[in-house]
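In what follows, subunit A forms one complex with subunit B and a second complex with subunit C.
Coming up: the complex of A and B.
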């Protein structure tokens, strides 16, 4: 018995030593990636994973470790990482002052080669949000356009028409609600969709040039203008007239999306990054094949026309300045965005509109909603740029998101709302 | 053994680990919080000394006082709703005996062994206005079933119900243990003297449970003041900060608004409030003991 024990101990010790030496001998490079795309089998997460797999195949000595969380937990863990000393090497970042400015100012992101965007074929202007003081700190993943997704079959079956004015939209909401269906599924619990809704309304009220006025308002800490007051009142009116589902102020992203993809809601207010719903095998084909979109309709008396849209370049990637694998992470980022990379795969899979020129990758098999988004963007007469909630500091984002929810549910009047936005700038 | 205890090296070896743990795990973070409470600091970059400005802002911060009010409401809910029910349940369980006693004890304690995340999501589904259990039950009985349980006006009540339900098992178990420790001969003597159930409860059980009640009430107050996880997962403090609690608000300021300095100022005041309330409670119990 003692002999067996000795033999066993010797074998185990040998195995441990061998595995330790094997680890030393492999000299593997590990790139840590922090992503906001936890679903790795569909949508953007699928494209991201495809690219990581391709990179590892091309570089057998590299291993990519992905940590992925949903948006809100992602932001919280990002700030925890930022306050620590071990940032992952490649990070998802939002190219907006509310998120990026403080991260850049704290020296957490590495400056990328200044001509990288041009070399990779990014559309001019799409990387502005990822640049500061002439230096480039990230690459945009997609071009985001905000829209109402709708179920065309449900519309046709009930004789509902796509609204052309805001009043028509509210009236349509009342008609849909009367039929026992939720009109628009709104993720008001996450608050930021309400912030984009307000930006969308500001575009239709103020027309081209609203972006500059929004920046001025943040800089001057003064939002007390007729267009802000009207936008706030119109958002509140939407809630009062039942355009959004009951309990919209507590619905998170996933819940709101499910209401639409389950057929409980006729519309879903969300960005173009959700166009992959039209190819998602987990969604009932009767709904999936009938997903279409329309842009926020014009506001009566507003300056904005139907082709003035809420669009910006939000999500993207940056490289940690202090990460263990900074140079390798820049190589990976460059690989991801070479023209045949993210741009081609995302477009061909109907996942999103990228920030690069994707016109060469048309397959003729694009989903209808993909075509509609492309048309909306390419025919736009003006775009909003960064949504209002992301135009200031992180504190402004926090305060303004609260304010959006509060004005939507009637806790704040439009006058108190603009005052709260001003307070959030201080 | 006595000689060992008189040896200074032995004493030091016994005291130092605990002392070091206290210094690095409790005292140092509190001191750092006090330090950062005087700073304007986003958590990134260099902090800037701003004196008492964070504390001055805190005095005018309506949300902070809403958070404090909610914590005290929860404490009241624990003391005046959860604990009487928990004690009553413990008394009934004690009387049940045999297998039923064990089964019900497990059933009542079950929520406490389930992860807070699961509890929060479970209740989110129960409260969901569109497909939640509660509204569907109301519909089944002919009601409209369109109440937004976590919406404005209803949210704080719904959150309190969840928290009171979730903590019920602990309170019940502590009371149950207290009752089990009461000498059975007292009950037998009371029965011989012809005491009824009510008299037994108010003359024997309740007075002998006083130390247990004191501990339970103190724990409940601390739990109410410290409440964060369930609220964070259930409502995030919303809508419109209606269900905001102090710990959650602190977290929101420090890690979502990047106001690390202000978050630390809240934490300092938070610690002071916890100490004050615990001391007031201890003193109140001591005075009652003295009066009896």
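Coming up: the complex of A and C.
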């Protein structure tokens, strides 16, 4: 009887061990990704999903679970995750001090191998926003260049020329408005486009060194310089002289974009990520095929030249320091940004300009506006880096965005505007 | 005689035209929703109030249904909302009875504390609640939605049922007790049916509020298992701009069940609000 019991125990123990091993063998690794690209079928969300699918196909034992929310809910959920214990492994992060500093200081992001950026062919300087104290915490997924999109056919038909100075731009705005068309469609309701407009003006007024002075201004809580006062005054002047559409301060992104894509506005002030308008089947071909761009023209008396541009690297990815799959997430990140990955797919689909060298992927079928953006970026003599609104804390972002809107509509004078920016730093 | 007839006719005409204006104002959003859901995204920002689509885009609905995971999210929404309504009704009736009919020291205080819940903004509770759910391992479960939905709907539910219950004559309860009815039976078979109008109002208000709720759902849920209908809209939201036409289609589909419910229960709602509001 005892023998039988022993045999039974042994058999059971063996079975348990075997099943445990079997369990181990079949265990799949689940990488949790938290993204700000809810639409997985178009644009950057499409590129991201393609890369995840390719990674899962190459690694059958890995499953990638994507949770995607829009920017604002994303930030709220990010704060929630930061306080809980279930931080996803791969995270979308903004390479801007306003967001990243707090996240790094809280120890939420893992340091990446220091040479990773160079190994993956990132353009020098594009990862500055993702680094702190010499350590690398993330990889940028695109290079954003701000520009005026314009409808070339409309310009040609009316005999309008692309302005080369700010004064010419304002005069052109008046001419266009007189013809019964909205000159520039501006998403002033979202506020941040105005913040970038001001940064653009600062670049043209202050020239290549303006980026450092912006950082100093935020650090010293002092914006009372002729540069800032002039930039604020010029932005206000644009609104007064009717460069932006009526009610621009309440127009959101979609409204502003659609005013342009419907032909109601001659120009649209927005970033390079909108270059995909030129391939959007929903836009009337007469407008779609005639979309071109120009960079903010020079300001008379300013130091900045035409090739000093407002450009930065905003969105990117970081790896959670406390995630269950830290190493796997770094592997996935490396895979996403291998030369044939994000860079190639994003460029070939005309989705965005990446932060890596994309010159090798020219298909010859790029849209004119895609080519113009590339030229503007590759021939730039200096770039602005992070726009001013994203240089400080989250509070500074809120206050400065409000201030941008208020100075544009004339509620704040330029002097009160710089004071409000300073208050926002406190 | 003729003059008074004419006067009545004029009065009627004025009344009808005022009501007609209100009806148009009330119905316009729905017409607008359906109208835009059949256009293409690019047609939306024209100058006219309504659009005459170049081509009726029924495929917006097809995309909303298929790519928006409509059925899965709809089922989740139904489960969460039906459970939330059932719990709010049960708790409201029982609490209202305990507060208005039973004599105990802290009844007034308990009622006031629960009613204070009406003043707490949802956003203030998001992060603390998340931390609690995280500790209890409740995130990404049905309870992560059910608990806050019931908690936020209960104050209004209690307010309305309390008001109604105090208008029911005590003699009815006394009569039923004399006839040998127990407290629970009395509550279920006598009191609850008399509260019908109030309960319908509470149901539809709870349902409406929670049907469209997104902030808590997006914070407390992670996987698709319990995601509710507002997530369908998100599936078509791009980084900077979105496919608005499909948004309209998803919203029209999401609004349909609530509109139908409202039409069915409409008769009771006005009564419920009006009667419950004056008896506090």
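Side notes on the structure shown:
We take it that the second predicted complex is superposed on the first by the 387 of 426 C-alpha atoms of A that agree within 3 Å, B and C clash if a C-alpha of one lies under 4 Å from a C-alpha of the other, contacts with A are read in each partner's own complex, and residues count from 1 in each chain.
FYI, a contact is a pair of C-beta atoms (placed from the backbone, for glycine too) under 8 Å apart; a residue touches a chain by one contact, two chains touch by 3 or more.
Bear in mind that the values here come from a model prediction, so they are computed numbers and not experimental data.
Once the two complexes are overlaid on the shared chain, A:246 sits against subunit B while remaining clear of subunit C.
Within the superposed three-chain model, A:409 lies in touch with subunit B and out of touch with subunit C [touch as defined at top]. Applying the stated contact rule after C-alpha superposition, one finds that A:42 touches subunit C and leaves subunit B untouched. Once chain A of one complex is fitted onto chain A of the other, the partner contacts of A:79 extend to both subunit B and subunit C.
Using the contact criterion defined above for the overlaid structures, shared-chain residue A:70 touches subunit C, although it does not reach subunit B. Residues 76, 79-80, 83, 255, 259, 264 of subunit A touch subunit B in one complex and subunit C in the other. By the touch criterion given at the top, residues 75-76, 79-80, 82-83, 102-103, 105-108, 182, 189, 191, 245-247, 249-250, 255, 259, 264, 393-395, 397-399, 402, 405-406, 409-411 of subunit A touch subunit B in their complex. Listed in rising order, the residues of subunit B touching subunit A in the complex are 42-45, 128-131, 146, 148, 150-152, 155, 235-236, 238-241, 252, 255-260.
Subunit C contributes residues 40-42, 44-47, 67, 126-127, 130-131, 134-135, 139, 214-215, 218-219, 222-223, 234-244 to its touches with subunit A in the complex. Interface residues of subunit A facing subunit C in the complex, by the touch rule stated above, are 32, 36-45, 65, 67-70, 73, 76-77, 79-80, 83-86, 253-255, 257-259, 261-262, 264, 270-271, 273-274, 282-284, 315.
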